[in-house]
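Below, subunit A partners subunit B and then partners subunit C, in two separate complexes.
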Partner chain A sequence: MRASLLPYWRLLRAGIREQSTYRLAALGGLVANATFGFLKVAVLFATVRAAGGDLNGYDLGAMSAYIWLSQGLLGSVNLHGRSDFAERIKDGSVAVDFLRPLDVQAASIVQEVGRSLWSLVPRGIPSVLIGGLVVGMTMPTSPGPYLLGAVSLLIGITIGAAVVYLVATAGFWMVETRGLQILYMVVSGFLAGLFVPIALFPGWLLVLAQATPFPSMMMYPIDILSGRVTGAAALGLTAAQLGWLAALGLAGHLLTRAGRHKLEVQGG
Partner chain B sequence: MADLAPYRAVLASRIRSQRSYRANFRIDLISSFMVGLVELAEVWVLFHNVHSLGGFTFAQILLVFGLADVAFSLADLAFGHCDNLPTYIRAGKLDVFYLRPQPLLLQLITSDISLRRLARVLVGVVCVVAGLAVNDIAWSASTVLLLVVSLVSGFAIFSAMFVWAAGAQFFLINGAEMTNAFVYGGRYAATQPAAVWNRPLKVVFGFFFPMAFTGYLPTLEILGLPGPEWLPAWLAWCTPLAAVWAWAMAMLFWRIGVRHYQGGGG
Partner chain C sequence: MSPIIETRELTRDFHVRDGLRRKRIRAVDEMSFSVDAGAAVGYIGANGAGKSTTIKMLTGILVPTSGEVRTCDLRPVQDRRRLAREVGVVFGQRSQLWWDLPVRESFTILASIHALSSADERARTDELVDRLEMSEYLGTPVRQLSLGQRMRAEVAAALLHSPRLVILDEPTIGLDVLSKQRLREFLVQERQTHGTTLLLTTHDMGDIERLCDRVLVVDHGHLAYDGTLDGLSRTVGAQRVLVVDLAEQTPDLLGIPDTAHLGSESRGLRQRLAFDAERTTAARVLGAVSEQAEVLDLSIEEPDIEDVVRRVYAASR
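Showing the complex of A and B:
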């Protein structure tokens, strides 16, 4: 068991190392996070104030925590839908991946998770610090939410990689998957709670969002980290995340198997 | 007119090539429509919670959203492809453009026209029409003139943003995300009621990148509202000046960028 997991551990570390070399890109990402963050502060703070200081349980401090945590996760949770795996299917190098003594799905998800984890260092943590220092926010004072939040965040990042893997597998049947990728980008960001926390959605839209894996990628980890959801409810959210991860992993496994038989690589 | 023949030929071939992957083209159209719809939903969800935001009701913000979105979508259709410049630079593809007897910028623009983006314009158009219909507007010749002037200038402003971002890519390798913050962040800003901005945001997205001129200021003037500090309604008539300013900045960055470029790839 140990020996068979070792390659994935190495892939995870390779992903971290790969991402750590793009320093200027990370700085650019941080500028983007902060700029969008200040725009979100302007419009969402105005909304809280217009609602008389409390909007479905969000006061200014809680809203600020939501804004800067979500901005911080922007570089780590894959909400754009692009992946190396999609490129590898398109240019045919996936044929080589199938020859390796590794599970193709697990290998690409692990590598993606590695890159995402590194992004927390130059983009995630600084975004939260900028928000905390410049705007101020309310965060939990006990260690519990941070511990469970870290677990939930790791699951969320993995779910993101698993969903994007699913999007990429469409490439086994379609020549060009850019349209699908853009559709994913639009829908996932909105339903994951990137622009507006899903607690502010009207009832039917909230139900719709909860029926998708997207809130598990970003909203649930933020709810737990910011202490908005605690105790049994927080454990419930984590359980829901694990359920999604299992379902998505299985779907990806089945689609990979079906796609492998369908795969046609041209040229030589 | 013979000068334009090569561009027409190139554009026609781009359009044919996009329609050849039929399944993807259909999904492209749906995604593009969804982009517009979800962006509207982002605004709507806020107004679902509160009656008015920054002095605007949802009916009023529809007009801001519509004007800015039509201008942005059309600019994206024509100039959005400038986003691919970093890929071209890294792959050494840009050198090929230098060899052809056409201006670099024109080649870059015509290197792809994304038809799918038309579906998104539709959402903006519906919002403009709805915004004009549901609000109480004192119609006059100047209202019509202002609408036309702001749509044309808004298109020019967003187009300039794409060119500015492309110019900056020449010396910011891997910096696309930074410029995206202002191009796409600008679009997000343009659909907000600018009265909620603090002073630094007013400087950045009100004037330096003149986003407030694309939807917010014209809407103030059309609806006869006074406007907040630093952004009085009469500024709506200065929208063409904002477009000139945006293009001056875009061309400056583009020129510096093109001069700076030493060739890439091998």
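Showing the complex of A and C:
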């Protein structure tokens, strides 16, 4: 078992190292994250103040924590729908993936997760620091939320990679998957809680969001990291995340198996 | 000994869009052949003849529409992951290296993917680095390599796990003469020391001449020829072409014995004559031409693979 997991660990590290070579892009990402962070501060702070200082449990400090955590995770949680695997199906490099004695889905997801994890270094953590220093925010003072939050974040990032892998497998059947990717980009960010916390959604929309894996990718890890949800409720969120991860993993496995029979390697 | 590759009536259809309609194209059509372990087989044919499709079915990447295939005694689609440990594939047009990482890093990852022990990994990497002369760029990111350097790294990556069967799809495409030569020498050596079976597709007759002892020619998904290279040249009478530059404009040289006039340029100042090296010699042809016109310069064109393939196609229809 140990030996059979080693290649995936190496691929994860390869993903981290690959992403670490794009320093200028990471800096650009950070600038964009911070800029939109200040925009969200302007809009959402005004909303909290208009609500009398407490909006569905969010005061200014909690709202700030939400804003900067969500901006920080933007570089790591895939809410744009593009993936290396989609490109590889499109240009035919997927042929090389099928030539390796590995599970194609797992290999693809761990590499994406590796890239995402690295993005926490130049984009995630600095975004939160900028918010904390410039705007200020309320964060937990005990280690518990950070520990469980880190686990929840790792699962969230993996769920993002698993959903985007599903989007990519559409390429086994369709030549052009960009439409699907754009649809994903529009829907996922909103339902994941990138623009406003899903706790502010009207009831029906909240139920709809919770019926998708998107809150598991960003909102739940933020809720746990910021200490908004603690104790058994926090463990409940993490369990929900694990459930989604298992379901998405199974769906990806089935789609990969079915897709192989449809595969027509592009480009000779 | 059982064959390392065996296909029976192997067939694969593709659907392609033709304007608004969808057309069914048969890329490989009931192909049956087998390859013995240790052989070196050239697999040639025009673009779109079905070469790459066959290779992808042999390795479990593509699922056959019908027919059977066994590679290394395994069923490629069902046993894909086990087969991947026995086969190494080089796609001249695709990379299996990690673009942003140093070359060495790709080898480390692949070694763990193939579960090599660290002693095996070191020994094999050293052997390949030495024989493919890669030591000076092991620390360079793949994206900064020249094409020749990258192809050597690709070959090393495909052979790192010492596969029994090595399949090369256009390995020398785009390489300069020296790089091609190096790669061929390496493959010959690899075969000698490890008894590796080679199957390669190419557009380069040099690859076939220097590496292969058997040639398969494929045409529209069918095998059009299966035998030795010499036999191929004899069968299709691969002809050499004598190109002569004449001192004066001369009418077409039609009456030269054992030759066929292929064409004239500049009103007969340059003429091209095809001849069969088994029936006559370049010297005799030149002698006969000299009787009719003054020859200023000459060159001889060797048969190229496209020409051989065209002739096989013409003969088999």
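Just so we're on the same page, the second predicted complex is superposed on the first by the 266 of 268 C-alpha atoms of A that agree within 3 Å, B and C clash if a C-alpha of one lies under 4 Å from a C-alpha of the other, contacts with A are read in each partner's own complex, and residues count from 1 in each chain.
Keep in mind that, in the parts below, a residue touches a chain if its C-beta (ideal position, glycine included) is under 8 Å from a C-beta of that chain, and two chains touch if they have at least 3 such contacts.
Fair warning: this is a prediction, and the values are worked out from it, not measured in the lab.
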For this session: Have a look at subunit B and subunit C on subunit A after the superposition and call it: clash or fit.
Result: fit
Exercise. A:178 contacts which: subunit B (first), subunit C (second), both, neither?
Worked result: first
Exercise. In the combined three-chain arrangement, what's the angle at subunit A toward subunit B and subunit C (CA centres, steps of 10°)?
Worked result: 90
For this session: Could you let me know whether more residues of subunit A are touched by subunit B or by subunit C?
Result: B
For this session: With the two complexes superposed on chain A, say which partner A:263 touches: subunit B (first), subunit C (second), both, or neither.
Result: second
For this session: Please provide the least distance in Å between a C-alpha atom of subunit B and a C-alpha atom of subunit C in the combined superposition.
Result: 8
Problem set entry | Those residues of subunit A which subunit B touches in one complex and subunit C touches in the other | 22
Seminar exercise, completed: Within their complex, subunit C touches subunit A through residues 14-15, 52, 56, 59-63, 77, 80-82, 84-85, 87, 89, 91, 93-96, 98-101, 105, 108-109, 112-115, 141
Exercise. What residues on subunit A touch subunit C, complex-wise?
Worked result: 3-4, 6-7, 10-11, 14, 17-18, 21-22, 92-93, 95-96, 98-103, 260-261, 263-265, 267-268
Exercise. Subunit B touches which residues of subunit A in the complex?
Worked result: 22, 24-25, 27-29, 31-32, 35-36, 38-39, 42-47, 50-51, 55-56, 174-180, 182-183, 186-187, 189-190, 195-196, 200-202, 205
For this session: Sort out for me which residues of subunit B touch subunit A in the complex.
Result: 21, 23-32, 34-35, 38, 41-42, 45-46, 48-54, 116, 172-182, 185, 188-189, 192-193, 196-198, 200-201, 205
